[in-house]
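For clarity, chains are labelled A, B, C, D and E in written order, and residue numbers in each chain start from 1.
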Amino acid sequence: MLRYLTRRLGQAVLVVAGVVVLTFVIMRLVPGDPAVAYAGPRASPAELAAARAQFGLDDSLPVQLWKYVRDLAGGNWGVSLHTRQPVRDDLFQAFPASLELVGAALIIAIVVGIPLGVGAARFKGKFPDLSIRVSSMLAVSIPVFWLALALQTVFASGLGWFPVAGEYDSALDKTSPLHVYTNITAVDALITGNWPILLSALAHLVLPALVIAAYPAGVIAQMTRASLIEESARDHARLERALGFGETSVLTRFALRPALNPVLSLIALVFAYSIVNGFLVEAVFNWPGLGRYAADSIRSLDTPSIAGVTLLVAVLYVVANLAVDLIQGVIDPRMRAR
Amino acid sequence: MTVSASPEAPPVLRRTALRHLAGVDRLAMVGAVLLALIVLAALLAPLIAPYPDDGGSATHPLDALLPPSGAHWFGTDQVGRDVLSRVLYGARTSLLIAVAVLVISGVVGVVLGVVAGYAGGWVRDVIMRVTDVFLAFPALLLSLALAVVLQPSVTTVIVSIAVTWWPWYTRLTASVAASVSTRGFVDAARCLGVPAPVIAIRHVLPNSLTPVLVQLSLDGGGVILTAAALSYLGLGAHEPTSEWGLMVQQGQSLFTTDWWVVTFPGLAILVTAFAFNVLGEGLRARLAR
Amino acid sequence: MSEPVVLGAEAVTLAYGSTAVVHDVTLSVGEGGTGLIGESGSGKTTLARALLGLLRPRSGAVRYGPRGSDTADLASLDRKGWARFRGDVQPVFQDGSEALDPRMTVEASIGEALTTHHRMAGNARRERVTALLEDVGLEPALASRRPHQMSGGQRQRVAIARALAVEPRLLVLDEPTSALDVTVQARILDLLERLAGEHGLGYLLITHNLGVVDRLCRTSHVMFAGRVVESGPTTELLTRPAHPYTLALRDAVPRLGGEPPRPSGRTEAVPAETGCPFRLRCPLAVDACREEAPVARDLRGRMVACHRAEDVLAANEVPHAPRQ
Amino acid sequence: GGGKVRGAEDSPQPGTSLSAADATFTYVPNLDVVTDWDPASSYSNEIIAMENVYESLTRYNPQTKKAEPRLATSWTSTPDGKSWTFTLRSGVKFHTGKPLDAAAAKAAIERTIEVNQGAAYIWGAVDKIEAKDATTLVFTLKYPTALDLVASAGYASYIYDTTATTDDLNKWFNAGHDAGSGPYTIDSWQKGQETELTLKKFDDYWGGWSGQHYSKIAFRVTPELTTAWQLLQRGEVSFVQRLNSQLFAQASTTPSVQTSQTPSFQNLLALFNTQSGPLKDVRLRQAVQKAIDYDGLIAAIKGSGVAASGLVPGGLLGNTPGMTPKQDLPGAEALLKEAGYGPGGKQLDLTMTYAQGDSDQDLFVTLLTSALDKLNVKLTAKPLQWTTQWDQGKSKDESKRQDIFIMYWYPDYADAYSWFVNVFHSAEPISFNLSYLKDDAIDKEIDSLPELTAIDQPGAEKAYADLQNKIINEQAAVSALFVQNYQRAYAKSVEGYVDNPAYPNVVFVYDLKPGA
Amino acid sequence: MIKIRNLAVRIGDRVIASVPELDVTAGECVAIVGESGSGKTTTLLATLGLVEGAAVTGEITLGGVDVLGASPAELMSVRGSRAALVMQSPQAALNPTMRLGTLMRRALARHGVKGDEARRKAEDAVAAVLLDTAILRRYPHQVSGGQAQRFAIALALALGAEVVLADEPTSALDVTVQAEVVAVLRRLRDERGLAVLFVSHDLALVSTIADRVVVMKEGAVVESGTAADVFDRPRDAYTRELIAAVPRLPERPAETAATPPGEAGRTGEEET
């Protein structure tokens, strides 16, 4: 297990290094002179030169890359051109909200997707299976931005069940101020026992989280189903049936655990994917996350910010994968033996 | 003295993904039929679109935002174009993008994958690590970054999605090719003295293709969604090209007032992606058997 | 026929990744059949792959050449050398459906060998394919079939025909019949025996079926946990084993109408890491077996790696082996 | 305990409820509010907050078309228009607690002039400022100008406490501090948050808080128009800056919502690159001008704008009737043919930049690309954030500049001069003259405008007409596409709202009454 | 224990297994032999009511329960408690994510045995197949094939099964390990009267341990009878072919005199 882990860790580090290089390359491709953008339209030549020096644009490319890597490692992710704040601070500011949204979405997706997958596998070929397959495939096929508009129109402004937009009711800041630890509103409200804000945050979370959850719930259900069907056709499932266990027991108490492995890998994948999918949804729901920051960065050709967002999500992907490897080790003893 | 053939041939992988159609389930058939209809609609768009010019550069601002009616089944958009015609023409763009992305990334991915899988050793390690790096960028993210660098256009969409798409096929092909490479017939070919590149092309490649073909059909929906998302963000197709994502983006603020402008292109994306997904899933299930 | 050739392993150690699965094995294949037996996973296939030049030894060498001194290390062969080697040594693998490209017709599969080695094409090639198929007892009509359209026995015959197409001098047969039904097995073995005789081929026959080696091989090697533990004339080996593993193997094989096989000892143990790898299973193990790995030594016409080989031999002279 | 508390530091204790007097006015902008907090250089969207935090000497009244008292209670000028004396309101305090007197006002304006960014050019005529006494401020001008109008400008006209800090004032401002005298002061500012900014009442405001006023203003950034509309409909917000015409139509029939539509001083310009790229050829510029479907555009934007006649919107001196352009595709085709392009000729490739997220501009892009497509002209239109679009336009590398630049223009104070001096007067480096027009004769005529306006109105009128003919017809440097109508929607409970087009998008919240 | 009459398993119109008559009584060891695909496994699974995707007709009685007529609940209670299954590939037949003890505990609980009694039964059963109880704390990948097979038998014992249905229980094992598993089965048969119905294609093995033999070919029974009858007086041509194909070994010295090198195997040459 330890060796396996160190090897995976080594690979992860390599991938992150590659991600950094690739990000750097893309950044250099972006048209427009970041120094001009930063120094402002009326900058004097001297100010411009200073900006150029600050961005290290005078060095050769390898030197720039080296400095870039060094700065990243030192926690300096550059200064955003459009917010004029350090990119790292911007990301710290925006990321928790995105994490909150995607975290909630993934929880929904898992809580919904896995049981649906189990149900479909249980009734393979019958009506419940067919309807679950069709609906999960619809969930996977629906464009999120469109779903966001539809749900918002129907459930927020139409039926009025949920708030239209926002992260929580900011009027509550005055009546029950929130102490911030993690910057994730719902979590902070929960750990400080701030019920009004927690309720408000959860109510605001429902719709956007549902929208983002659609895709992962669909793929998780599909994968769970396929994996379970495969697992339940294995020899051990036959033995379990021969021991007198019913079909449902075989699926849920025996086959599910070994079947979860591919589902877990999938969750790591859809995690990063959902963050980016969230970019499309955050605008509709006014969610103050990475999505808006990324959109603004892209529309203002803000290279340091684009690089920062790209890097953050890519690193998250790598981390999520590592985490899944660990969980898989816990769930499946064969992994530990590797 | 001959040994008689066994009563039934063992279930081995057949030649192409298409052959799998014979055995896929009804749901997948629905997908195949839907997809065929969409392809047909795309091909025949100039003939079946009620206002073919509206699929291109015609505008009729005075007829803007007419609700669905006999004359305009799907209503008209902000500049008075027939939404049905644009949806039909949009199928061309979307399918063009899907096919181009899948072909480009499929070819690149499969070639690299076969090399990695068959060569093994450090060649495989290098290719797989590079692949991992690209995989770490969710398709939309890298496409976003790239689409900023390149001018927004259909070509940009194709290039930027393909850049993020190939690693999947490399990964898949590499693992299949690696396992194919350990199979007896590859060893046998090596023992016959067949040169390595010939083995890779003649034996490993054809035997590694089926899962990739299935994955390709499964991914058609993903490409269409990503392309739509890029266009939706203003980084993809642009006027006067008919593109579903672009149509949704432009009509977005009309969702509550003139629903048809957004709803029909959105449904078109949904149905097409659904068709791809259903078909691909059916093929995959068939392959797993 | 030209001068006889030998193919041999010299102190070969083989590994997958960092784990060695074959340790320091020496054996050679020449005229007549050579048997290689041993339990599943003991490294037989791995060794065969090394002998075929498909796997590079981690240490030691695979040597090949005319009988005598001027054999060459495979690692040092140039292109021409490889071509000659490939023309001389051909494999037949365990599973015919594995050994044939599922997408190729029989004609294409056999034809590939003909094209590669004899630059045959067109009609000449087709005729040769027909002849080869007849040679292995198949109807020429099968030429247009693909593997999945044939039975296991037919496939195995096609694989043999393909090997013969090269006109090799040595065959490496890795469990050529174990995937087949017993009735088919017998026919394939007959065929191999006949062909080897007709073409004057040397072969290495890998199997875990003692009956088969006994029938087809003059000398045999017994492997356990990646090591050759005993080698010598086959009949000698099977009638009077000198290694406890060979003995256990022989005694555990059920015989038609015979006694139920007797368990020999503690069978669940995995091979030992230190000392004699067999000692955890060995009913005769003594302290020495734990402390020191036995090296192969010559004992009454065979090589055996066991501290207690003499005792095994002695015990085996009487009807029932004593147990501890 | 522990943890940072979100929101303002002086929050009431948990559990206390809001009284009716604590009414909050929630403004929904569609872009981030603040990019620059420095009142000297601020020249962007933050005006919607700034005008409630800072005050200028005068304020323009669109009804009377005159400047009205604000910090200045009265003013006089000499007949030659070159000397202006303002009498300041006494007893006014900055939010810093210091008194606002003539010396402070002089210091503020002088700093703004010195910083010379944003709209600082408005003070271009000023030669000298003197603080005669605590309430008397005298300006000496280099040439005659309507300084009362200048002082009412939306940007660069703020009077602020230049002594607010001993450190770098600009840095201090941009950390989220203010030093204004207006009715509201910064409560909390969190860039990137949904509620980016909240303002709270300034207790010592000279106007007093005796009547009914909103005590807080929250700015809730909502990029999506439909989302904004739904928020308003649900009563969660008070005022939506921008809707599209469809939503506006829906709003005007929704009982819980009020609407207001006002013709603005803001028009949409398409600026053609006269210096580099294919449009260097005047025939091609004219062809593009003729390809634009002006009537179609007006129809498509459905009431959110009216046809433009020349560069100057109605209601301003310089507006010239009879200059409304018409689409002329055959004419465009003929011009293209002449230049070797058009159907059957070479394909002409043009690039265009415009502002992200403006549905009216989207419509224009759709119409123009479609029309040009028929003429074998391929237009690549790229939506960008304003600053990015602007930076590209200003690029020193001419090859990086666009062929067509789309932007709204409105005067910094109610005077047409701004269109000409900023947009069509040659300038180095490039600022807003994004058609890159460089014509000495035009420059000279523009330079004569302020004086003419101050002393010879008919002459000014003629000069404006002549200039517009030159710039639009002869040089084909620009097409004025339409004049915007401000379409606002706000909650029924908001009382007393009047749109003031001289201050685009600004709501003077102090003037409103929170209703039921 | 097992009584089969006129069993036919069909997929479409194809009969993949048909068995006119087959009985297994307590303490008896019955073997099904035949070529690959002849329907051996199918017959075995049909006995437990575990065939999927095929139509099963006829009459099967398992421990007194009519398998084809029983409700799912009845079937589930027969499985495990009266009849147990041992499968071909030892590790694959055990859930990879579960300790052997957990599987045992759950299986016992399924049939109503819990707590101390369950632990005692588990330990007894494990001991009865000559395994250390430590094995209960292992995962399948941590045990050898022979151990896994014996554990499968222990499962049957712990549940009190009277008959074990074994599908090529030793074909994946080394002959030395096979001997071990076979010995355990034989001992349990002798000591406890356990009935065994097993599938094999190793005729030699069958000949040494089976009381009765059923020979199948292409889905049909071609011959059945006592082991002695079938091996000594095969009536069917296919059976004869099977027997002839069994490779012969040089006999052990105790049984025959040493044969000269190279000649030993030729004694049993089949007639072709």
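As a working rule, a residue touches a chain if its C-beta (ideal position, glycine included) is under 8 Å from a C-beta of that chain, and two chains touch if they have at least 3 such contacts.
Computed from a predicted structure; not experimentally measured.
J.: Tell me which chains count as touching both chain B and chain E.
T.: Touching chain B as well as chain E, we find A, C.
J.: Counting only C-alpha atoms to place each centre, which chain is farthest from chain E?
T.: The chain farthest from chain E, judged by C-alpha centres, is D.
J.: Provide the C-alpha centroid distance between chain C and chain D, rounded to the nearest whole angstrom.
T.: Once rounded, the distance between the two centres reads 89 Å.
J.: Rounded to the nearest whole Å, what is the centre-to-centre distance of chain B and chain C, using the mean of the C-alpha atoms as each centre?
T.: Roughly 48 Å separates the two chain centres.
J.: Can you work out the whole-Å distance between the CA centroids of chain A and chain B?
T.: About 23 Å separates the centre of chain A from that of chain B.
J.: Taking the mean of the C-alpha atoms as each chain's centre, how many Å separate chain B from chain D?
T.: Here the centre of chain D sits 46 Å away from the centre of chain B.
J.: For chain B, which residues are shared contacts with two or more other chains?
T.: Residues 6, 252, 255-256.
J.: If I count partner chains per residue in chain E, which residues reach a count of at least 2?
T.: Answer for chain E, listing residues that touch two or more other chains: there are none.
J.: What positions in chain A touch 2 or more of the other chains?
T.: 31, 149, 153, 157, 301
J.: Under the touch definition given earlier, write down the residues of chain D that touch chain A in their complex.
T.: Residues of chain D touching chain A: 1-8, 11-12, 14-18, 24, 32, 116-117, 174, 190-195, 218, 220-224, 226-227, 230-231, 233-234, 236, 356, 383-385, 387-388, 390-392, 394-395, 400, 429, 431.
J.: Spell out the residues on chain A that touch chain B in their complex, using ranges where they run on.
T.: On the chain A side, the touching residues are 11, 14-16, 18-19, 21-22, 26, 29-31, 130, 133-134, 137-138, 140-146, 149-150, 153, 157, 222, 226, 230, 272-273, 275-277, 279-280, 294-295, 298, 301, 306, 309-310, 313-315, 317-318.
J.: Which of the residues in chain B end up touching chain C in this complex?
T.: For chain B paired with chain C, touching residues are 1-6, 9-10, 12-13, 15, 183-185, 187-194, 202-203, 206-207.
J.: Show which residues of chain B lie in contact with chain A when the two form their complex.
T.: Touch list, chain B to chain A: 27, 129-130, 132-142, 144-146, 148-149, 221, 225, 228-229, 232-233, 235, 245, 248-249, 252, 255-256, 262, 266, 269-274, 276-278, 281, 284-285, 288.
J.: Per the contact definition, I'd like the list of chain C residues that touch chain B in the complex.
T.: 49, 52-54, 82-83, 86-87, 89-91, 93-95, 97-103, 109, 112-113, 116-117, 137-139, 147-154, 157, 159, 162, 166, 184, 187
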